[in-house]
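Starting off with a structure, shown below.
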Amino acid sequence: MSTKNLQTGQGELFMSPNVEDARAFFHQKKKLMTNKLTSVKEAVERYIHNGDYLAIGGFGGVRIPTSLLHEVIRQQKKNLGFSGHVATHDCQILSAGECFNRCDAAYIVGLEARGLSTNARRLFESGTIQVTEWSNAALSWRFKAAAMGVPFLPCRSMLGTDTFKYSAAKEIECPFTGQKLLAVPALFPDVAFIHVHRADIYGNCQIDGILVADDDIAKASKHVIITTEKIIDHEEIRREPGKTIIPFWCVDAVIEVPFGSYPGNMPGEYYSDEEHLAEWLKKEKNPEEFAAFIRKNILETKDFYEYLQLNGGIQKIQKLHQTEHLL
Amino acid sequence: MELMVTIASRNLEDGAVVVVGTGVPCAAAMLAQMTQSPNLTILFEAGGIAPLLPSMPISVGDSRTTYKGLKSTSMAEIMEFCQAGIVDYCFLGGAQIDQYGNLNSTMIGTDYNKPITRFPGSGGANDLASLCWKTMVVTPQNQKRFVKKVDFVTTPGYLQGGNSRTEAGLPVNTGPYKVITDIGVYGYHPETRQMMLLSLHPGKTLDDVKNNAEFEILIPEKYEITEEPTDFELKILREKVDPNGLVIGRK
Amino acid sequence: MSTKNLQTGQGELFMSPNVEDARAFFHQKKKLMTNKLTSVKEAVERYIHNGDYLAIGGFGGVRIPTSLLHEVIRQQKKNLGFSGHVATHDCQILSAGECFNRCDAAYIVGLEARGLSTNARRLFESGTIQVTEWSNAALSWRFKAAAMGVPFLPCRSMLGTDTFKYSAAKEIECPFTGQKLLAVPALFPDVAFIHVHRADIYGNCQIDGILVADDDIAKASKHVIITTEKIIDHEEIRREPGKTIIPFWCVDAVIEVPFGSYPGNMPGEYYSDEEHLAEWLKKEKNPEEFAAFIRKNILETKDFYEYLQLNGGIQKIQKLHQTEHLL
Amino acid sequence: MELMVTIASRNLEDGAVVVVGTGVPCAAAMLAQMTQSPNLTILFEAGGIAPLLPSMPISVGDSRTTYKGLKSTSMAEIMEFCQAGIVDYCFLGGAQIDQYGNLNSTMIGTDYNKPITRFPGSGGANDLASLCWKTMVVTPQNQKRFVKKVDFVTTPGYLQGGNSRTEAGLPVNTGPYKVITDIGVYGYHPETRQMMLLSLHPGKTLDDVKNNAEFEILIPEKYEITEEPTDFELKILREKVDPNGLVIGRK
């Protein structure tokens, strides 16, 4: 059991894994069940400051907080950091606004089977974005470490690769078995955006289907902004305590945004709008056309309802609802 | 493409557990389930467990991946199942692969801070290849993809060959298993861990193998000729797995 | 960041935290969805061997696998090890049979507000049981480490105390912050007994209410025996994937044992039988009376149905059902 | 007992988060919720979060602890909330307590391997006292319980006093907060961390304080006389919190 040859990733660690600081923050954070309803505009104004580090719930094009991301562009927030934990359409939106200058990257610039975002790649190839590499599991476990209140978690990913070399992880030796392990540092984002199926006005949230990392992200983040398909009565939460994923004390703001994951998929509600997502990718190929597209769809819309309306409104949603239910 | 999907599917025995992505891997797993492996357990890294897939998912996290599934959970839990040794197979791709099965899906270029081309990065690939027992790669084969040295080791194969993978701390007895291309099927030498021909597709030659890789692929004295998809396999693949030709191509 | 003065607990580590061995075991374990229905008698005969290490689900007197514990006594299994993760009535039953010779103890010999078990204390005071100390959270995290496939987890409990001194934990330094942390080793039990609300014949399980540590115990254990209030159709499992706590591949045997947590509480079904639990405590004060009590209730009953019948049968259960629902 | 429960309840301010066990702590939390702290969040270590307690639970895990609760979860998650700094208060007891608030609930005797008396052990006590911000102890006071040296440090108080708790690696600014006995209420000296009188119950004397502890309890120049429970507090406690007298005694 030697401690020889233990390597450290050379990537920048953007956020401190200091659990004492995090504890002190969470200690003073108010834990009253008060009405947290607000608007997308107010929530972004109040909780997002230039330079903040952002975590985005969902899975890139599934259960994503689209309205909040649009508002970040609209309010021209700058120099943000964010965790690219399967960041697909969310990364694409933030790239459209050139809102960030650093990124913990596990999956960025792509949209899975749909292809790659020309515009996001342009940004990441420009040399102006500071990037630290991770894997999906590593980022999941970084959120989990923070949620658990420990400064790191051990794991067995990333060892031996350039992904490790350009990360900010560290090799350690197991105190029991002597084996080499990777330690990933806790990640405490400044703000999380999470879209959920149902929430009460205090921020108790239910999510259907996969959680991705949102249970942990909500606990890891200093501030949490929830958009929800529906506000439900507080009594509904208490009727099935087993369904509550995020408890109220994690949450700072709640906004009812029906169809809020559009053009992403909302499990059980509506499927992704593949035509519109293809349009994004197509427009990106021509910077001028893309700029006009973003102006029309985001900058010059006053809210998410206008965006929905521009792209088919209720009828489109109904169609996506039918696709979701295989009709 | 039909051939590649079919070969991939034949490698998934009944009772195995596989983590798949969208596209070819998902089609292969569905085909296996509808042919020899009804008890194949299919996981998706975003949290879907054993759905009755009604059609091909577009995203590894979309609602198809939990359709009538056995469990829906978090990405961490799926990765932890892999880390605990539950998962037999994963399927990966990449922009570049080297002779030891190391994969690059991060960047092309020599300066990390200013990539010529930026790709998505690891996603879950590094984790799955680190933690599952056997990694399968399905990829077109050419000199641009089969390179002497990948620009960035996103995802571990056998690293520098020999025992280097285990020495790096990765779980023992894991690693690249097969590479399925449009030319042949490859495995790895049990000691040096170099890529090695296992079977040649009908109509392909050893020259095709050699001319479509920058590195030397080992050619053993005995290798097989790939068995073509049976009529039954093709029928299931075309009619049930991928009726819209999303993976195998539209007719 | 020195590595000076890091302490190691002097307690015995009963089970190896070697994850490579555990991986190899889980690799070869069959993962077919086959019919796993069996009987309590067969399951204990087949999966419990003298000397095995046992983990018991539930919370001592809540959702406990009583029928399996009785059968362990009936079959006179000996020299078992077990994790005393809030072991109350379960510890009391195993103590009645003198079935074990070692124990990872977080909470033993007591029954919470009900008092202490004279007989279990006699055993633990006899010097014949090897005990290693832990806290509840430490044992929870030991199961979680095993479930995650890592040889240890860091935490901030037990530091500075005799609980640590008589544990098998180790102090470590955080590779990022330099702070002192406690490392708890993964715990891979040989067999777990877990009682659930609903399971299909393949072992996919649903649990209502608190999980305690049973999600992790099921993943950590080499063999898992499930007793369930009800067998449900496989289709029911697939109707709500979000409700599945334990997936089939963890499970070796499934037995339908209605009222199987009696005399413990089964959340939503029936409350604990406080009269009968008080009778246990009272009988224990006189060793002869207690031996007769155990003969009558366990050794000379052929199965759990007889035990239920002896203690009030359906009528008693109906009463406990009403108590559970505050009637 | 009514006095002790009432004092404990007064320490739980609105908006606080508290982990409780059965008995006195639970009664105190319920009383606080029904008086000055409607927004008190009550957690149970077995996994119950913020139930609308219909009556006193018998077990920290029984179904009362999730009755109309906000969430039901695992013990690990509750402990992780504590570890993350969410939880303000925990309530503990024990067979022995020393001047630094260290608690013994493991054994009486000098040989660990052959205890004279074996108690349950830590349970969650060590975790809660390590990880929550403030530890409150409610206990009868006598020389057998208030000892110079506990036979076994199950649960950390201020360890050897001074900075020793932080030096051991326990979270900063945490530790014993108050001890509520049948004689008085005690705190701890801000530097030495010795137990110190805060208020004396009506009718009790400084001699009662001294004669019922093996160690010296600091007596500051100024201390208070405990305010008796108000009629309102007693009414709520007797009629709503504990109508069956499980904790406060049957009438």
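Details
As written, the chains take the letters A, B, C and D, and residue 1 is the first residue of each chain.
To be clear about the criterion, a contact is a pair of C-beta atoms (placed from the backbone, for glycine too) under 8 Å apart; a residue touches a chain by one contact, two chains touch by 3 or more.
Keep in mind that what you see is a predicted model, and the values were worked out from it rather than measured.
Chains that touch both chain A and chain B are the following: C. Steps from chain B to chain C, taking the shortest chain of touch contacts, total 1. Counting C-beta pairs in contact across C-D and across A-D gives the higher total for C-D.
Chain C and chain D have Cα centroids separated by 28 Å. Averaging C-alpha coordinates per chain places the centre of chain B 56 Å away from that of chain D.
Per-chain CA centroids place chain A at a distance of 40 Å from chain D.
Here the CA centre of chain A is 37 Å from the CA centre of chain C. In chain B, the residues touching two or more other chains are 66, 72, 83, 131, 171. For chain C, residues touching at least two other chains, in rising order: 19-20, 149-150, 155-156, 179, 181, 209, 241-242.
If you sketch which chains touch which, the pattern fits none of the simple shapes: not an open path, not a single ring, not a star, and not all-to-all.
Pairs of chains meeting the touch criterion: A-B, A-C, A-D, B-C, C-D.
Of all the residues in chain B, the ones that touch chain C in their complex are 14-17, 39, 41, 49-52, 66, 68-72, 80-86, 88, 131, 133, 171-173. Contacts from chain A toward chain D in the complex involve residues 19-20, 22-27, 30-33, 146-150, 204, 219, 237-239, 241-242, 244, 247-249. By the touch rule above, chain A contacts chain B in their complex via residues 58-62, 84, 86, 88, 105-110, 112-114, 116, 121, 124-125, 127, 133-138, 140-141, 144, 155-163, 166, 171, 179-182, 209-216, 265, 267-268, 271-272, 274, 324, 326. Taken in their complex, chain B has these residues touching chain A: 21-23, 45-48, 54-55, 58-63, 65-66, 72-76, 79, 83, 102, 106, 112-127, 130-131, 152-156, 159, 164-165, 168-171.
Interface of chain C with chain A (complex): residues 3, 13, 17-20, 149-156, 170, 172, 174-177, 179, 181, 183, 185, 208-209, 241-243.
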